[in-house]
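Given below, in the form of structure tokens, are the structures.
Each of the next two complexes has subunit A plus one other chain: subunit B in the first, subunit C in the second.
After this line comes the complex of A and B, so read on.
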């Protein structure tokens, strides 16, 4: 009896924890979606509502429209800026993901299977660099970027992203490779395959789940970056969504509806990417290799 | 068509020596087994031949060419791993065709070679399956097929049957041997199982602690073990060892064991009073009188293990435990005291100090 009570208490506790976690992570998302469909007049209302009283698409119209009205005045459309920043975010995040992934796929392999002097020390340093706070390198990095003429360029932003996310990606890929049986590679060498061919044809397909996880992680980190584009993307040439959206705040008026509509659209690429890549995260790929 | 010659081969892992100078010559088409206790360096030797481990000192020579520094992919040596190491993301056909594909053979040629090999191994119906959908025995065959299909200079096997059940093991060992004979490819086979080594090999290499103890045809190694290690390692149940002291009388030698003297019927070249070890295989002991020069041992029965065809009877002679493989008809009782008899010429004599064979 006592045991049963404990059991139910345990389950209730577990359910509560899940609920809190869901509220914690989905709450803000829900609030953003809600606000993006809420009539501006309701937004200022006294009582909080969990459902739009008068659902409206006006914020999205303002976001996507060629021109729009705000409080009766004709205002300039935000679409040219928004679309440009959207493309900027996509380009820099995708480029950073591809470069990071390629470097981590080959570099991680080298850290596991190749022997060279100082290998473990080097890897330790790479991992240790994750502990360096970004703020401390901002100023030297800025001067470096200026002297390289890379401020406000895709290349510059991408390079900074790669340098920031590569250590974690390397670490992840290294653990993935460490968990793969070396006998498969040895079999391939004896079959006549060289190092690179073995890596590409035998190792990478088996490391695919790790590669995908690394890709998702890198893309999400890049997509959500605020500080780097804030500093290194002063103009719309490379400005990202994360920097643009808060600029919708004008001196006299905070357009919550527009900001949240933009935020909701900004959430779509990462969500779609995760859904798309998740399909390839097949488990048990290694099953049957041995024994 | 390949000969493998290994000279003064050494391997250190860091400061730890693992192989202490291996010399071995393998003729074309021979099936050679490496046997020895766990950790004696069999896999290390095999992997050095494959090129998967570097050579610390000495040479490995394939067809007269030193291959110490040739990379594994250029050695044209195939290896069957203990855990098979099949490529899990490739079908059986792709697994077997991988090496041919790498050699840039035409797809038609690859297809034909894979089909022929699959037929040979009874895998024709499984070509489109992935390894995870195969049984252990089938995976084992695919691993074999991957090695066979490319007609390499040398096959290397590292305990390929140790993951299979006893019945399948016997079946596969016959298949491997038959196949190897038919293909005529030189093969080096590592095993724990001395039964496999005895039945399959042209040549047995008995290793111990990174050294070769004896090389020879299975029967020769069985009949004339070079030292105490080989004597006890080869044969099951293991050879009985009885300690004694050597004596010479009228040009012939005898061994004093306890109160009795056992004639050797031959002259042993060792100083009198030297401590020696007599080795007698269990199947050379019987209750019936032996032919020729005979010895007898007092024996008290402790345990009887019927194996079907014969019984292994464990017991004591003096203070030494021994075992005899006796006929079931002998019908002994536990605790019974009898005399075991044997032929003096079946006695192996070893120097106790060095362990070396004395005649």
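After this line comes the complex of A and C, so read on.
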């Protein structure tokens, strides 16, 4: 009898722990989504409500609308800025992901399968640079980018992202190649296939899960970057969402509805990645953190 | 074809060296020009006075470093950063270990619970901080309303008025984002423990707590050391959360915010560089020290 009670207590404790985890992780995200659909007047109420009393699309209309009204007054629409920043974030993150992935796919392979002088030294240096915080190189980079006229250009921001995220990508891809059997490649070489042909046609398809994991991690890092665009993207030409959205706050009054709506839109790409590519993401995280 | 001739064909071909170099050339170019040269430049330039507002760049030796030691803003920022590191490491390790132990027990739907767990880590840190800024709002925020609803609070509190509360709240947002990483690392370590170890211990009459102390803890020590050093380095580099939640306020200013302010707002380039060099060394040393310590203390002979 006592054992049975203990069993149920254990089950209840377990369920409670799962609930706490769900609340901790999803609670703030739910609150942001809820706020983005909440009527502005309800937002100012002292009364706590955990679901929208009068759901409204007002904040999203303000975000996506050509013209915009705020507290009864016609105000300038934020859509031109918002759409531009969204495109900027997408372009720089996608470009950084593609370049990083290509460099890591070929470079990682060279570090595992090809012999050339200085190989281990180079790999050691690149991996060690993961321990160099971005801000330590920020000031010389800033002066370099000014002299190259790359401030506020897609190329400049993308290159900085690549240099920041390449070491982890290289680390991941190397461990992926190390786990692949060399026999297949040897068979291809014996049949007279060149090294590059073998890598592209035989090895890369096998390494696809690792490539996807690396791509997700790189994209997420770039999408969430704040300090790099804060310094290197002073105008709307390349300004990212992460820099634009906080600017909604620092105006005369804070439009929390608009801010949360914009935040929810910025959360969408990562949320979609987590939902659809979760398997690859977790595997990549584990590989990146442990090996 | 005999084995010898296969070996012959698999020996490094003449072009291999060049092919290897060609594959890594983009890496060499990017890393050298955007990381290694700037890093060396930072160290060297920190010994000069580089200030766009003043003419010339004279060599001043360690003057920047001396001035840093006497700068009360730097002292504030250093103290705040230490508090962030301690809070983040404690909370992330405790919470991450709890989450990892829980997930290790889950049988059905683990994939989805994992997805929920990693979500905060995947979101842009700035957006996280904005969401929490709204939660912490003194007049209409969720935190005040929630505490009033359960009767823990009578009147609204302006959370960021108090220096210590402000530090805790900034650290909490950082922990919310970084805890998944610790949890995932520890979960991977937990799953690598062979189940028969626990069965053997049970046969020997060991209880749950004893099992945890004698088996789990020593066997996840490696993962724990990695998780601890990751938490430390990320907390040392805390910028986004403090900047969004409280701007440049001295109450919550971290070392990195101080670097940013020195270099890009006060335009004292080399002064900022000197501080960034110190911050980098400190972050590396701290994480190294207790990677070694954890290894030594939890090692099983």
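Some points to look at:
Note that in this section the second predicted complex is superposed on the first by the 246 of 291 C-alpha atoms of A that agree within 3 Å, B and C clash if a C-alpha of one lies under 4 Å from a C-alpha of the other, contacts with A are read in each partner's own complex, and residues count from 1 in each chain.
Rule of thumb we're sticking to: contacts are C-beta pairs under 8 Å (C-beta built on N, C-alpha and C of every residue); 3 or more make two chains touch, one makes a residue touch a chain.
Since the model is a prediction, treat every value here as computed from it, not as a measurement.
Of the two partners subunit B and subunit C, more residues of subunit A are touched by C. Once chain A of one complex is fitted onto chain A of the other, the partner contacts of A:205 are limited to subunit B, with no touch recorded for subunit C.
Of the two partner chains placed by superposition, A:236 touches none, neither subunit B nor subunit C.
Shared-chain residue A:94: touches no atom of subunit B or subunit C. In the superposed pair of complexes, A:213 makes contact with neither subunit B nor subunit C. After overlaying the two complexes on the shared chain, residue contacts for A:163 are found with subunit C alone; subunit B is out of touch.
In the superposition on chain A, A:188 makes contact with subunit B only, while subunit C stays out of contact range. In the superposition on chain A, contact of A:270 is made with subunit C only, not with subunit B. Once the two complexes are overlaid on the shared chain, A:197 sits against subunit B while remaining clear of subunit C. Taken together, the two structures place residues 186, 189-190, 285-286, 289-290 of subunit A in contact with subunit B in one case and with subunit C in the other. Those residues of subunit B lying in contact with subunit A across their complex are 50-52, 71-75, 77-79, 81, 83-89, 98-99, 102-103, 130-134, 136, 139, 146, 150, 163. Residue ranges on subunit A touching subunit B, taken from their complex, read 181, 183-184, 186-194, 197, 202, 205-206, 284-291. Put simply, subunit A touches subunit C in their complex at residues 14, 17-18, 21-22, 24-26, 28-29, 31-32, 35, 43-48, 102-103, 106-107, 109-111, 114-117, 119, 122, 125-126, 129, 131-144, 159-160, 162-163, 166-167, 170, 186, 189-190, 195-196, 220, 223-224, 226-227, 231, 241-243, 245-246, 249, 256, 259-260, 263, 266-267, 270-271, 273-275, 278-279, 281-282, 285-286, 289-290. For subunit C in complex with subunit A, the touching residues are 1, 6, 9-10, 12, 15-21, 23-24, 26-28, 30-31, 33-39, 41-42, 45, 98-99, 102, 105-106, 111, 113-120, 122-128, 130-135, 137, 139-140, 142, 145-146, 148-149, 176, 180-181, 184-185, 187-189, 223, 226-227, 230, 233, 236-237, 239-240, 243-244, 256, 259-260, 263-264, 269, 272-273, 276-277, 279-280, 283-284.
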